[in-house]
Amino acid sequence: MNQRTQEILSWYESDNPGTRTNLARLLNHGKLAGTGRFVILPVDQGFEHGPARSFAANVLGYNPHYHFELALEAGCNAYAAPLGFLEAGAGKYAGRIPLILKLNNHDVLYDEKDPASAVTGSVKDALRLGCVAIGFTIYPGSAHSTLMYQQLRELSEEAKAYGLAVVVWSYPRGSGLSKEGETAIDVVAYAAQIAAQLGAHVIKVKLPTAHLEQAAAKKVYEAEQVPIKTLSERVRHVVQSSFDGRRIVIFSGGAKSDDKNVFEEARAIRDGGGFGSIIGRNSFQRPRADAIKFLHTIIGIYSGERP
Amino acid sequence: MNQRTQEILSWYESDNPGTRTNLARLLNHGKLAGTGRFVILPVDQGFEHGPARSFAANVLGYNPHYHFELALEAGCNAYAAPLGFLEAGAGKYAGRIPLILKLNNHDVLYDEKDPASAVTGSVKDALRLGCVAIGFTIYPGSAHSTLMYQQLRELSEEAKAYGLAVVVWSYPRGSGLSKEGETAIDVVAYAAQIAAQLGAHVIKVKLPTAHLEQAAAKKVYEAEQVPIKTLSERVRHVVQSSFDGRRIVIFSGGAKSDDKNVFEEARAIRDGGGFGSIIGRNSFQRPRADAIKFLHTIIGIYSGERP
Amino acid sequence: MNQRTQEILSWYESDNPGTRTNLARLLNHGKLAGTGRFVILPVDQGFEHGPARSFAANVLGYNPHYHFELALEAGCNAYAAPLGFLEAGAGKYAGRIPLILKLNNHDVLYDEKDPASAVTGSVKDALRLGCVAIGFTIYPGSAHSTLMYQQLRELSEEAKAYGLAVVVWSYPRGSGLSKEGETAIDVVAYAAQIAAQLGAHVIKVKLPTAHLEQAAAKKVYEAEQVPIKTLSERVRHVVQSSFDGRRIVIFSGGAKSDDKNVFEEARAIRDGGGFGSIIGRNSFQRPRADAIKFLHTIIGIYSGERP
Amino acid sequence: MNQRTQEILSWYESDNPGTRTNLARLLNHGKLAGTGRFVILPVDQGFEHGPARSFAANVLGYNPHYHFELALEAGCNAYAAPLGFLEAGAGKYAGRIPLILKLNNHDVLYDEKDPASAVTGSVKDALRLGCVAIGFTIYPGSAHSTLMYQQLRELSEEAKAYGLAVVVWSYPRGSGLSKEGETAIDVVAYAAQIAAQLGAHVIKVKLPTAHLEQAAAKKVYEAEQVPIKTLSERVRHVVQSSFDGRRIVIFSGGAKSDDKNVFEEARAIRDGGGFGSIIGRNSFQRPRADAIKFLHTIIGIYSGERP
Amino acid sequence: MNQRTQEILSWYESDNPGTRTNLARLLNHGKLAGTGRFVILPVDQGFEHGPARSFAANVLGYNPHYHFELALEAGCNAYAAPLGFLEAGAGKYAGRIPLILKLNNHDVLYDEKDPASAVTGSVKDALRLGCVAIGFTIYPGSAHSTLMYQQLRELSEEAKAYGLAVVVWSYPRGSGLSKEGETAIDVVAYAAQIAAQLGAHVIKVKLPTAHLEQAAAKKVYEAEQVPIKTLSERVRHVVQSSFDGRRIVIFSGGAKSDDKNVFEEARAIRDGGGFGSIIGRNSFQRPRADAIKFLHTIIGIYSGERP
């Protein structure tokens, strides 16, 4: 185990060896093994957005085995999905790639202003399926954020006792925020901090814009001249907001987008000290060969030297 | 055990042999044994719509024994009902037909815009009554969908640990959807996906229309030219949306209808790669001899070659 | 044990011998022993309506011992009451009359539009007090019906495991129904069906009127010409709606009323195939001697031949 | 389901429908389905006597899959084995033959005068492996019989609550008995009675000799002239001692023996009203083709008319 | 994952994906990754024999970190030790080598003729320490074997539910056996069979001699001419006795011995179809460099083709 991996593990000093073992498994799998960087394949869009919106562009994606194979062939660190998708492949692919069981999910058939995901799996499910971590989404800014924080706390406490790691999707949403505010730098940094304070080992946020949502925060950002002009600076600020970089922070790729754009973002994440990307739609919504090439390019970007 | 049955069982790779045994029992009973096709008799309408609306047309149906005998004589794969109906016959008919205990039910004496069924039975009830599976209804689109997903998750984890199978009725309803939207192809496919992601072994949905309910989905269906013009195409899309056909999907017959129509639908289900029908009102709301003949015709349709 | 008693017990084929033994105790006590008919004395009005409204007309009723003795002397099949009333007499009258512990109760100091009773006793209470059954009230039509169904399910599963019988008071009430609808024939028949599907051994409903509350039901009653003109016909329809007569259905006497009227009703219940009456206010709100005579008359009516 | 099967099920009147369903599965599988007769393949000798003593004569038997296939091809009613052998095949053969998980086992590396088997599996194991019954051995006559009776009681109570059947191997052994006494008619009949009184659904005993072990018993057998001269008479007496034939009693084949002898015994079991044989070593310790032919002959004997 | 690894995993068909994942981790770590062969470092001698007897020959061994590093540097598949040794290094070496927590241990300060190990750890310990498996010792032949079998059964059921693998040290000992009998081929093969029947995924036994201990077994070995002359033949017989090679069987190195001898044994294990060695004293009781070289030689032997 190289020094960087050991350094990262050293941050999780209150966790038992089981949890650190599973974090090490995440750090040591795939093409980025040992670099302290991550590219994770998440496929929960079937539940979150519906099957056709997720898989019609590349119909192979309807098949749960496809994503295991995509993650494997691309050399991702891990594959994250809801219960059904993991149950449908965890037997065949046992031991071949670290798995993250997403324990809550939300659909848009009833799409409320203040969303709260349903708990759709258990820590024991994660263990019987051989996962290294549980995943959980919180919506800071929602009227139901308290409920989700508390569900996370309970699942997280249980997961840590059993030696699993905890990955938190922290996505600001709800009546507390404007649409633009959901990706405002002050809000995203705040969401990362909340996840870290809730005990997340790995934090996933969206890439932040330079918008400042909250007046009280805005005043400080301006007074203290926090550098947030470039994407790279904003990534650095989010990482700083996650215990000064002592928690793993990865960034979501978002909706399908222009490749050049995604690569640019990956470089900004890398240069800002981010730990990597979690890329779903941009990878599984294109032909397999394309997807592999695309993911290899991103992995190549992260394989570069740390700035 | 023939090859098709074994192929279907192989999809459930994370399940213990107990659950696979009970799935095999479903697959190997009745006239469709070994074909990988299903005709299931469900009788929960007494609870869901009231006794007279359910049984006045054929008063024999008030008697719980009637439905056991109908399912047996017709050669159905299984009989599904709430606690009371099963308790009233499970002793006499022990070991004669696979039973599915519906663990939640809803009545229309209080019929809210956003429905949530009451949990009316337990996994232990299912075991003491000799059932092969639990059944559970979710209403994606309801403001209470989260509650139902979570109840299902808990019951489902328990059922799987004890070797039972899980059958999910996924019926879009509630303030998130228009009336027409409840059977829209995008919504039905989505409902099937949600059930699959929640870990269902068998998914029951309504037959979809060509209507597209959600704007974001509509855009994709049109852009990707997902074929949904014929009923058969729509069935194929729902099956595809259920893990690319790696989960058993059956379709409900709906309200009493013209026979020719029902047979037409069965042919469309068969030709679209659907796994069968769950037919309640169309069978038990007519004279017994008629019902048997009617069910035999449908079973005959499914006995045909897989397209 | 005579044939009728054995026939009735045979309907409860999924129940253990303990539950069947307690049902037999109900069937074989008092003046109606062995007839398959019931007159039960229920006294929960102290809780439900307040003490003065319940007992001022006959002050002996304030004393819990009074009701045990009334039930005994009148030759009732059983006495049903909340925890306090049973605790206050179960010792002295141990072994002298079958007891039913009502496990939930509702008061009118807070009288909401959508009522839900409080759970006020346990299965273990019923066992330590020597009861043959638990009693439980559900309010189909209430916004809280789901809660009550689920409480019943849990208590009922426990009671059956411990060999007790389950008596369900199924009283339609709440914002889903008009006042008139609470006793409409379609609604009462539906309420009986719900109780049966929830696993009740004995179902108690109010006497139905010829009113039809729900449009969808009305259509069916008219189309199928379900006979509901006379009280006797309506009783027969409710019994039919309770698993075609394979569950014991008894009818409540309601508020204090003219004796002739009550006797008329008992005759209609008997002629319609009902299993008997549960008569509270009409019996304990009059002088003891009167009450005994009154109950003997009713018992005499039920002793007549089954039509 | 034919009349004989229903008659047999009717004896288990205190069992829930789940247990009766699993008894029906035993009664309705294989070539003897529906006859009320049984031929069961048990393979616990690997544990009980060691691998070479069990499988060297036919080395295919070392492979756990072999026995599933032997039982299937021969058309046995069920296959019974310890945890390891079932775990090693229950997935592949899910749903193809009723399984009985033997929950206790004994080895001869420490072979005490007063044996007590170790509990080596659980009721939950039986459920997750899809078994229809648990199996358990008691040694009446051992100083440790009390321990085994109590273990059986506990497991049996749990198994029945979950709808499983209970098969008891009742083998007299220990310091309370002479070697000859282990198969004495009074002792075997007594062992069958003990198993029945402990709540066994299916009782397995060894074929009894005409020897009478216990003085007090001997006096009665002689005074009452209990007919025990022929094997058939002794079988009839053992069946009589198992609740007058109201419990299923099957007989073990014992060590490998001359075929003619085994067939003779099967005829005596049949003629004495026994329910069948459980034949291990005589079947799996010979070449496969031979074993099938041998088992078919025995099944043929049992297929004959009931005397 | 190569074909041999997948073949081995396929034998564990009743296990959940979690257990199969942890078996895959054992199969895919170290220099023998992917070969289906194992060299495991076990260090429980400090508890079993005392510290000086274990570590005085190479005092580095007193330090728990030493053994983690030895196993890592040598390229072993796993490191197995009691609670204390694992707790003292699992944090530092988290994620670097698969760990097996030995859940029971025995010391010789009280050294009874019929030994029984004390349970010294829990399944939850194994999970919080990041282990892939639990380890457990049974002593077939001991008067207390029943106790140990039952402890194993309980721990094993729990471990499997949580996705861990189960490694069983099956060491015949106790008053049922002569000293020579502890390694007699009939006894070792029997011990392997018992472990397999108790549900072990990996079985560890001592290398057997050609001695035959039990008279009844001896007769069969001679009659059937079971080939047991060479060590390689005896290994093959033990593997055969472990479900015809469908369970992983590894052999212990025993007391410190001449290197040439150990290499010879490894070759015999390999040639007899054994899965590898578990080598403690022969490796950690010599200087580190020596030990590494020694282990590399053994690993080299196992890297050869499967015969």
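In this document, chain identifiers A, B, C, D and E correspond to the written order of the chains, with residue numbering beginning at 1 in each.
Convention: a contact is a pair of C-beta atoms (placed from the backbone, for glycine too) under 8 Å apart; a residue touches a chain by one contact, two chains touch by 3 or more.
These figures come from a predicted structure and were not determined experimentally.
**Student:** Would you pick out the chains that touch chain D and also touch chain E?
**Tutor:** B
**Student:** Select, from C-D and B-C, the pair of chains that is joined by more C-beta pairs in contact.
**Tutor:** B-C
**Student:** Report back the single chain whose CA centre is most distant from the CA centre of chain E.
**Tutor:** The most remote chain is C.
**Student:** How far, in degrees, do you have to turn chain A to put its CA atoms on top of chain D, rounded to the nearest 5?
**Tutor:** Fitting chain A to chain D on C-alpha positions yields an angle of 180 degrees.
**Student:** Looking only at residue numbers at the chain A/chain E interface, is the share used by both copies over half or under half? Answer same or different.
**Tutor:** same
**Student:** Could you state the distance in Å from the CA-based centre of chain C to that of chain D?
**Tutor:** Chain centroid spacing, chain C to chain D, equals 49 Å.
**Student:** Could you put a whole-Å number on the gap between the CA centroids of chain A and chain C?
**Tutor:** Centre-to-centre distance between chain A and chain C: 58 Å.
**Student:** Just how far, in Å, is the C-alpha centre of chain B from the one of chain A?
**Tutor:** So the centroids are 35 Å from each other.
**Student:** Could you say which residues in chain A touch two or more other chains, in rising order?
**Tutor:** 90-91, 124, 128-129
**Student:** What is the complete set of touching chain pairs?
**Tutor:** A-B, A-E, B-C, B-D, B-E, C-D, D-E
**Student:** With touch defined as at the start, can you tell me which chain E residues reach chain A in the complex?
**Tutor:** 1, 5, 9, 16-25, 27-28, 90-91, 94-96, 124, 127-131, 161-163
**Student:** Under the touch definition given earlier, write down the residues of chain D that touch chain C in their complex.
**Tutor:** Residues 13-14, 16-17, 161 of chain D touch chain C in their complex.
**Student:** Over in the complex, which chain B residues touch chain A? Could you list them?
**Tutor:** 11, 13-15, 114, 140-143, 145-147, 149-150, 153, 157, 172, 174-177, 186-187, 189-194, 196-200, 214, 216-217, 220-221, 224, 226, 237, 240-241, 243-244, 246-247
**Student:** Can you tell me which positions in chain D touch chain E when the two form their complex?
**Tutor:** 44, 46-47, 49-53, 55-57, 59, 62-64, 82-92, 105, 107-112, 116-122, 124-125, 128-129
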